[in-house]
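Have a look at the structure below before the remarks.
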Amino acid sequence: MKRIGVFTSGGDAPGMNAAVRSVVRTAIYNKVEVIGIQRGYAGLINKEFVPMNSNSVANILHRGGTVLKTSRSMAYKTEEGRKVAYQNLVEQGIDGLICIGGDGSYTGAMKLYEEHGIPCVGVPGTIDNDIYGTDVTIGFDTAINTAMEAIDRIRDTAESHNRTFFVEVMGRHTGFIALQVGLAGGAGSIFVPETQNPETWIDDVFSPERRKRTFTIIVVAEGDEDGGAINMMTKAKNKYPELEPRVAILGHIQRGGNPTAADRILATRLGNGAVEALLAGAFNQAAGLVKNDIVFTPFAEAISQKKSLNRDLYRLIQILNV
Amino acid sequence: MKRIGVFTSGGDAPGMNAAVRSVVRTAIYNKVEVIGIQRGYAGLINKEFVPMNSNSVANILHRGGTVLKTSRSMAYKTEEGRKVAYQNLVEQGIDGLICIGGDGSYTGAMKLYEEHGIPCVGVPGTIDNDIYGTDVTIGFDTAINTAMEAIDRIRDTAESHNRTFFVEVMGRHTGFIALQVGLAGGAGSIFVPETQNPETWIDDVFSPERRKRTFTIIVVAEGDEDGGAINMMTKAKNKYPELEPRVAILGHIQRGGNPTAADRILATRLGNGAVEALLAGAFNQAAGLVKNDIVFTPFAEAISQKKSLNRDLYRLIQILNV
Amino acid sequence: MKRIGVFTSGGDAPGMNAAVRSVVRTAIYNKVEVIGIQRGYAGLINKEFVPMNSNSVANILHRGGTVLKTSRSMAYKTEEGRKVAYQNLVEQGIDGLICIGGDGSYTGAMKLYEEHGIPCVGVPGTIDNDIYGTDVTIGFDTAINTAMEAIDRIRDTAESHNRTFFVEVMGRHTGFIALQVGLAGGAGSIFVPETQNPETWIDDVFSPERRKRTFTIIVVAEGDEDGGAINMMTKAKNKYPELEPRVAILGHIQRGGNPTAADRILATRLGNGAVEALLAGAFNQAAGLVKNDIVFTPFAEAISQKKSLNRDLYRLIQILNV
Amino acid sequence: MKRIGVFTSGGDAPGMNAAVRSVVRTAIYNKVEVIGIQRGYAGLINKEFVPMNSNSVANILHRGGTVLKTSRSMAYKTEEGRKVAYQNLVEQGIDGLICIGGDGSYTGAMKLYEEHGIPCVGVPGTIDNDIYGTDVTIGFDTAINTAMEAIDRIRDTAESHNRTFFVEVMGRHTGFIALQVGLAGGAGSIFVPETQNPETWIDDVFSPERRKRTFTIIVVAEGDEDGGAINMMTKAKNKYPELEPRVAILGHIQRGGNPTAADRILATRLGNGAVEALLAGAFNQAAGLVKNDIVFTPFAEAISQKKSLNRDLYRLIQILNV
């Protein structure tokens, strides 16, 4: 391979820039040219190509977001769209791709290989941690630290007013963020999409023992089946109006910010590993970190399999609220 | 005076603990005893008194919230309630009070003086900065830094996706937080309750020039007459559906957290000044910082007057978005 | 077992409080009483015992340092000292111990078992990460994030002035902190005790290619054989006086601060695992996290074995500075 | 005026970028062109000119350091050097200058006006706060918050080990940083260059009452006459070897980092005011903030006068350590 392309796709995640930097420099180290493709698959179709050298990625390691930008592309979802993308790649002389993103991004890469034979290796970048084939995704550690620090702030108010707070964190389909943030934030209860809430949840949360405590933080994943923090707060308030619970929805602040050390190192390792795999001819798969080792999972498997919550962590919540 | 009481009242604010520490130690330095009254006026009625010495306030300078707790008291709003409070103070041998809080807290203190002759000096503690008689209130600097850091995070996503964000900050009746946060966060527009939004605001925000920029942050005070960030975003989206603006409501995270240096120093100075004034017989008034000097404003004036926004700062927004 | 004791020992580390909380609550969950022993082995000898319940560890999860305090004890290093400690434990009815600390703490615990049969399980708490039997120690993640954020600040000055900085991080005998901080901080070179610096290191660092860059951050472990950052800076300056390199020694700030999410969760898991092992009769060993699983290593092995640096990470530094 | 130049000079300070942004956009708003001059006076001589538009300063408001870079220039200190600078300005068609920096930078600007009639307005940018004509300089608030957060971290260790720490902060000739950081960090004593230390300082610091406390933080300005933190710690240790005091020298971390809200707003206001003054023909002076109002002080006065420490703040230290 002589020239590869790199792009970020899907929601932005802290550490994506560290991954881009690692991809670019690993390629250069291996005497391979790199083209940055802006705005993900949209840029592939619209020819937003930028040649990159070592200096292009100087001083981005510590920045949140993605300097290559990202977007959703409806055009790429069509066969004609992907054909245009392919022709642009040929025109640019790009022999292979590194795709930094999530499930949807992997699907796009897989189709490009199946239809046009362009090899690609994926790097898992999303704060949600919901990608199979890696214990952690790039951006997850930063997101849980950001959410935890928000809870540390909310704790000051909760404690000063003896109040219960329902804090909603990101996670439409999975509870990875809620579980880790809940544990790290000292939550009294955690509600996640993976687990059916007991019918008695209000009374569990506001049991006589619990109400003797000065305050409680309840962490709720946005995709929980009881409808997120506002709905749960309303239900609780209807049953126990004297408690005056409050709600905080953390929202988009969880997505940005300078990446943590763990995310920078993870992104650096996976970006490096992905390029080395691509150059070695091992493509149509995604890099990941499993039990501290870099591993690769075929795109088809990464997309179709679902990663489970760590039940051991979930069990700890009950013990810690004795 | 031989023994004074100190309490925090109303919403908690970062720096209240620094004020309590300064009150306690200034009193002790002047050979006066101090009683901490917990949960504000409620504790005054329910006899939640705690003797305090220098060690009671060790290691709280840097903590958010209030170690004396705070609450709202319906009972104190009645004449009988205030009579009970008075009798408890007499029973405890408390000759004077330091009240750390906002307008409502000042009103309560004024009534106690009018009805029962208990002298009190106020210390302005609220993140909203909406107290007359002081350029800044305790907690304001921390709140604007917290909100600004949240915007710094949101900026990463806004920039990566070329998106407009409506960010809602606290301020039901005033735009102090919105104005400073908007300036510090590089907002494209700021909407505050003090100013009538022009009918053309959507087109101002999304003018052709502005849309050429990669992204825009709009800061909205929750009390703005167009109904807060969600309503404004919806109106904007209806007119320009292709823009896909997003909303972030910062909420309670603005209220907590370790106080900034400015808030710790302000709280220390005002707590000290308030006790010295009380001991010198200058009470029924609130301490404040005006043009860097400690000044005192009668409660009646502090409550009835309204502090204005700094128009010079407001004017800068337009210049900076050229 | 009916009653266990818990203490922290050696240098303090962020997350120790989270471990104490987890130990106390896991014990109570299992109907076992817990006594807190203050100031480590010194408190064992001086009878500094404090009964603990669930509330004793409320609101400490997010605090740095250790609420149980820590110290070095010369008395405990003698056989008579340990006999006194043993007698105090018998007097208190303490059947087993949880020791949170490093190698030296494990050695003390092992001797107490060998000489007096008191069972103990260890929890690895130290920012240095130099304990065998666990991939990471409690406090390490916080320390590297703190040091990395310091480097992010130094980078602003280095870049503004086009300057080289030698940044010294903790690590008298090991380069764990230096390696991770260097990678996360974008260091140009990393010098650690485990690796012999090449004789040509000055010219490697200040090669013509490197000098074309706007600035460089060099990360040095305090125990590096060239004598730490000041010595290395002086040597470099003598050879290239026109470069005006600067030094920053991060020092004690690396040891404190609120623990990160990873440290809180790690401490919670290991504290829980240690108590469950102790109650199950599996003692004289230390808990650890290896490849994401909780494992136990006999004290004798944990003390005598040396954990190696991850060579894959070390190798990346060269690639990333292409 | 049709075209102005802007540059940063001297040590970098957080908020310099916010000032540059405000200068550029205020000029454009007034239909005046702006040229960025890189690396301060050195760039003036070496023709490092960059035309700037509104977009050149997008997304720099929140960044530490200075995008225009800074340096010291020996050449500019000579008359010939300044003549070259003048000729370059004429060549570029630059009619006036905005200089962001400290005393030395003002001196350079004053000479350029005296010798060649180039008008300049100064903006005070330095973390040291040692500029006459403004209550606060750009970067000071960020620096004290950074140093205070470092002390918050050190406090964890000091408290856990019952130890005294000597913390050295920046300030070769003035104690502004030490005084504010000491107050905000809860220091037991503060040593500054402006005040002669009493001969009894060691016994004051380690009085029997003080030693009953669990720990003490001593804040020392680097320019204190007893020789900085290491010397003071050594003297204290020689007298009271059993106390094992520790030292932390904060160093360069105080200079960098994202600016606080106060610094961003201050820089924005002063940058705006400086350009408006320059365009109005009021030059050879520096902008400043005195008692919350923007004022201007002639360069000659700003350079020759010395700003005093706030004695009221100094007095508080004693009261707060009762």
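Letters are used for the chains, namely A, B, C and D, taken in the order the chains are written, and counting of residues starts over at 1 for each.
Methods note: a contact is a pair of C-beta atoms (placed from the backbone, for glycine too) under 8 Å apart; a residue touches a chain by one contact, two chains touch by 3 or more.
What you see is a predicted model; the values in this text were computed from it and never measured.
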Where chain B and chain D overlap in contact partners, by chain label: none
Gap in Å, rounded to a whole number, between the CA centres of chain C and chain B: 40
Centre distance in Å when chain C and chain D are each reduced to the mean of their C-alpha atoms: 35
CA centroid of chain A to CA centroid of chain C, Å: 29
Sequence positions of chain D contacting 2 or more other chains: 152, 155, 159
Contact graph of the chains (line, ring, star, complete, other): ring
Complex contacts: residues of chain A adjacent to chain B: 8, 11-12, 14, 63-66, 69-71, 146, 150, 152-157, 159-162, 165, 246-253, 255-257
Chain C-touching residues of chain A, taken from the complex the two chains share: 21-22, 25-26, 28-29, 54, 58-59, 61-62, 135, 141, 144-145, 148, 152, 155, 159, 180-181, 183-186, 213-214, 258, 260-262, 264-265, 268-269, 272, 291-293, 312-313, 316, 319-322
